[in-house]
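Have a look at this one.
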């Protein structure tokens, strides 16, 4: 029997999760809940997704706005096994009580603190520990990317210490007519920024410190890492370690993929829904190793990277798939995730 | 028998045309030609599109880069009925001779001058005059939008004179890591800008003057029009005239569609390939009429708006469909073009 | 005896007014009042300007932050003849009562409605009617630019009707790390935008309609006008009319002044304080006349354009100079305003 | 007798150097040379600076454009002791021969390679070695900032190793209507980026590696450093080391100086010419030390930071001041350089 899923919060994350759930053969999207009445939820209705009102006020407002309402949040919860909460930061913590009372398992997002659920999730790192739990938190886009890449190097016994600078997009495209930054860089006021410690909620043994800043663009983050290796290593060893881990793809300056916007365009050309890139895109030919130090840069699609993690988290909580690698493989095949975005050239470049 | 089509130039326009041709049941995409060897053409190869080398130098370079080459441009031309030339500005004029020698009909793009082919094309305005011709020019994105909207009002006998300000995107997203503008507005140095006169190559009776400027964004143009009507009219009359014409869709501030980025996001949510908006998006609730003057603003997706026009132009040149309305209806249905992007609310707003 | 002046609100406008007052030989800046405790007011203190606390809470907070406080707003008002209120939108309306009770004349800014003071001010248009009043409102940057340019053409008997598109900067540089817009254009949701009607508070006979939008830049507005003239005229006649009015300067594409950022740089090169451009910069070689229609574009430095108007308004209210032309000439000479920013070339271009 | 100075190239750097030379009591600006005929050189003429034609073609073009020409580059060189070459990248290398033939000492800029002159200059690092030389190269803005800050820490015996990420402005404001980047980040394609090795041309003993990227803004660079210290140290020790070196100023998030644009505005408020910040602005309250690692971020005004270095380089080459500290003190006092931009609060924050 399929896992019955609700999505509470039909925004940047919620709509992607809703679409991915609909794509999965072992899941049913029962509906989405929201409080808005504007084009977002009306689009959901247009796609045939039942829309539930997250509050009584929202129910009235949706009615006034002509949005067909399938019921209340309580109605929705009564019909599902797992709810994915993608409400704005800090709202989910309050909702969690509601979900527990309804006997519904809950996947929260990275905006919440680890303490809220006591478990933070990145599929390739700790799927097993989430199996059968009542709730988990899929970590933020930046932390997900960090755990995937640093985790791969640590699993290969190569990583001693990681010091990173995270250049974040300022706001999402859908919000970019308000609340953005212009012609500036805004550094975070304290070091370490929260992403480093946050990675340790999933992989406590990581020695990682991050600085962060917002730059004047709306699409995707980029991370710049200085890595202390456990020993002198070759570029080939690092690349092999990255290739051994899931959900990491390579891009190359030599192919003309030279900036964040190029990768974004490439995703559009590949026919990805909403142009989403679920993989971490590591610049293969920028990776540099000097003795026991390595320098690495990659791109994180903040809107999309947590989508496959959320799908896996649903399965883990539901307990329908107990093996992480199996769930990851299912998710990745159905979404169409890739290790290389371009067909291989006739002769592969040497490492 | 299907029309056999080639696309020469696999860039922002060419790749969209190639995909649309592949979607049409009455057309076959034989292949695309280009001179580049980077990720763009490798993506085409990855999608299973035969790639031809537009020049001998390109053929060698593609070979070196590992791009599988299906043949030369001459090879490609020998297998098609119609070629769509989407090479950079001014190259097509030279290519035209080549196409004529090969006995292949040609659709050029708006970067070329009207004189190159002697015929300029917007499907709803002058499909009939293109039927059976050797060549036509699909006009630019700005001109296409202008002809659709002003033409609709003129067809309804309402438009005496149009004075417009065109705020253009500075560069396309794929080129935005070079050649863009930052934190400024760049007005065109002469008035009228070329778009006004260009609209008259399709509808010579239009009384239209345009000023233009580039602003600091990469996605879509917006036009602001002051219209002198032939007589005092109501908002309802103007809206009715716009609804009577194809390829115009309405958006509304009241739905939260309040800026260019919102519409772009909406297209992504609707699952449009590459987020393309083929329609002109007129802000229905911003349209204002005072006596015999009207004020109108709409959004033009410069990357996508000419795609359906190009499809129609192929049919017109090939002569397989002689009626414009029939071709337009076919194109629009297969692409999934719409008059409204959102499901109607319970009660429609009053005009 | 010099006019004693206070500035309430030390922000983008207030700090410019404070500096200009300090430059004027017939005025004394007694102090500025504010509620902030951050670098803005500490900069004022560093420049030797007495800082007063606008509220009791502010006084305590300033003390805590180590800002030397010269007294309360009441203390400041007790020492001045005129207060310039540059507090955020809508605050001034409340303050006005306070000023009246203190017997202090008040200059408000364009964010307030005309009704607040019953008088709206642009020096060259209506200085005389402000002489001796208790209060006036210096109109907004956009409206000031509009009144200067359209007023000049109307004074010459040339202007019948003006239809404009105002492309506004999104936010000021000082606020651009928050609250900006990114990679988009945000059209105002209703037509006419407020600037057109607002110009009529100063020149009621203007037939003017405006559409407005915010674009993705932080510096200066640009206006694009379609003008219906009273009769066919020459470019020379229009230029002569503009030259006859004060506070309009010409820039030229032919000189390489081709975009908003170029003019901004030019002001920096001229040594202007903060790079301020107090003049409206009309693109002389873009101005186009066809029969009885004209097309015109100019640039408005939204941070600076109202500074000279405010200085004149102070004199008008104080009644120390009763002739507008005299006050304008004083202000302009001391600030160093210009009609041309570049030395004339050997031979002037023909009109 | 004053040092007679020429500036060849009146662009972003040249015009600043020209102004600074005019401010120095021990220098005379004989003139500037350029090849342009647009508003830039006409502004110089308007400021009373003699303009020379850098080439014969330029001389003719300047004449046609009405720019008063004082003579040829050879004429200019015949009247000076030192020329500052601020021509575009790679042009200076060719010019150097010309300068040597004319017996004129030359200061080149950071766009040239170290090999061109065999000496690279940062005043506080190696003034003495430049005294009496024929030529030196003032290093680039990024390298200047790096040498000032890392050098200060190294002089204090604190710095073992520095790994930095340099987020650069994409283009200068004056060029931002062309050639910019939009809504993206462009990482440099190879690591280390050139700035790290370049710092070693001035301080060979620095262990420094840099990654770099361009972000979507036009004003100032920001650097993010991970520092390996020689031993565990306190924040206070690092701050003391920075305070002991010249041309480093502190800014603080706690004062509301929270982003690049805030500092830019602060410079405008301080009345700096063109808003220039000659100091490196270190965020004092972001500096973090954990054991023997430190994390540091600062802002570099790429247009202005090399101006004082260039002034010192002129003196060093001319040999009129043989002690670096003396020259630095003269330059800094006349320009008005500062260690703190705000008056100190009543009680200083604790370290």
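Worth pointing out:
A, B, C and D label the chains in the order they appear, each numbered from 1.
By our rule, contacts are C-beta pairs under 8 Å (C-beta built on N, C-alpha and C of every residue); 3 or more make two chains touch, one makes a residue touch a chain.
Keep in mind that what you see is a predicted model, and the values were worked out from it rather than measured.
Interface comparison, A-D versus A-C: the pair with the greater number of contacting C-beta pairs is A-D. On a Cα centroid basis, the chain most remote from chain B in this structure is D.
Our note on geometry: chain C versus chain D, Cα centroid distance of 35 Å, whole angstroms.
With centres taken as mean Cα positions, chain D sits 42 Å from chain A. Centroid to centroid, with C-alpha atoms defining each point, chain A and chain C lie 47 Å apart. Residues of chain B in contact with at least two other chains: 173, 176-177, 181-184, 186, 216-218, 258-261.
Under the stated contact rule, the graph of chain-to-chain touches is complete, every pair of chains being in contact. Within the complex formed with chain D, the chain C residues making contact are 15, 38-40, 42-43, 45-47, 63, 65-67, 173-174, 176-177, 182-183, 218, 255-262, 264-266, 268-271, 273-275, 341-347.
Here chain D touches chain A in the complex through residues 163, 165, 167, 181-187, 189-192, 209, 211, 213, 215-219, 222, 224, 226, 253, 258-261, 283, 285-286, 288, 290, 293, 295, 297, going by the rule given at the top. Of all residues in chain B, only 170-171, 173, 176-184, 186, 216-218 touch chain D in the complex they form.
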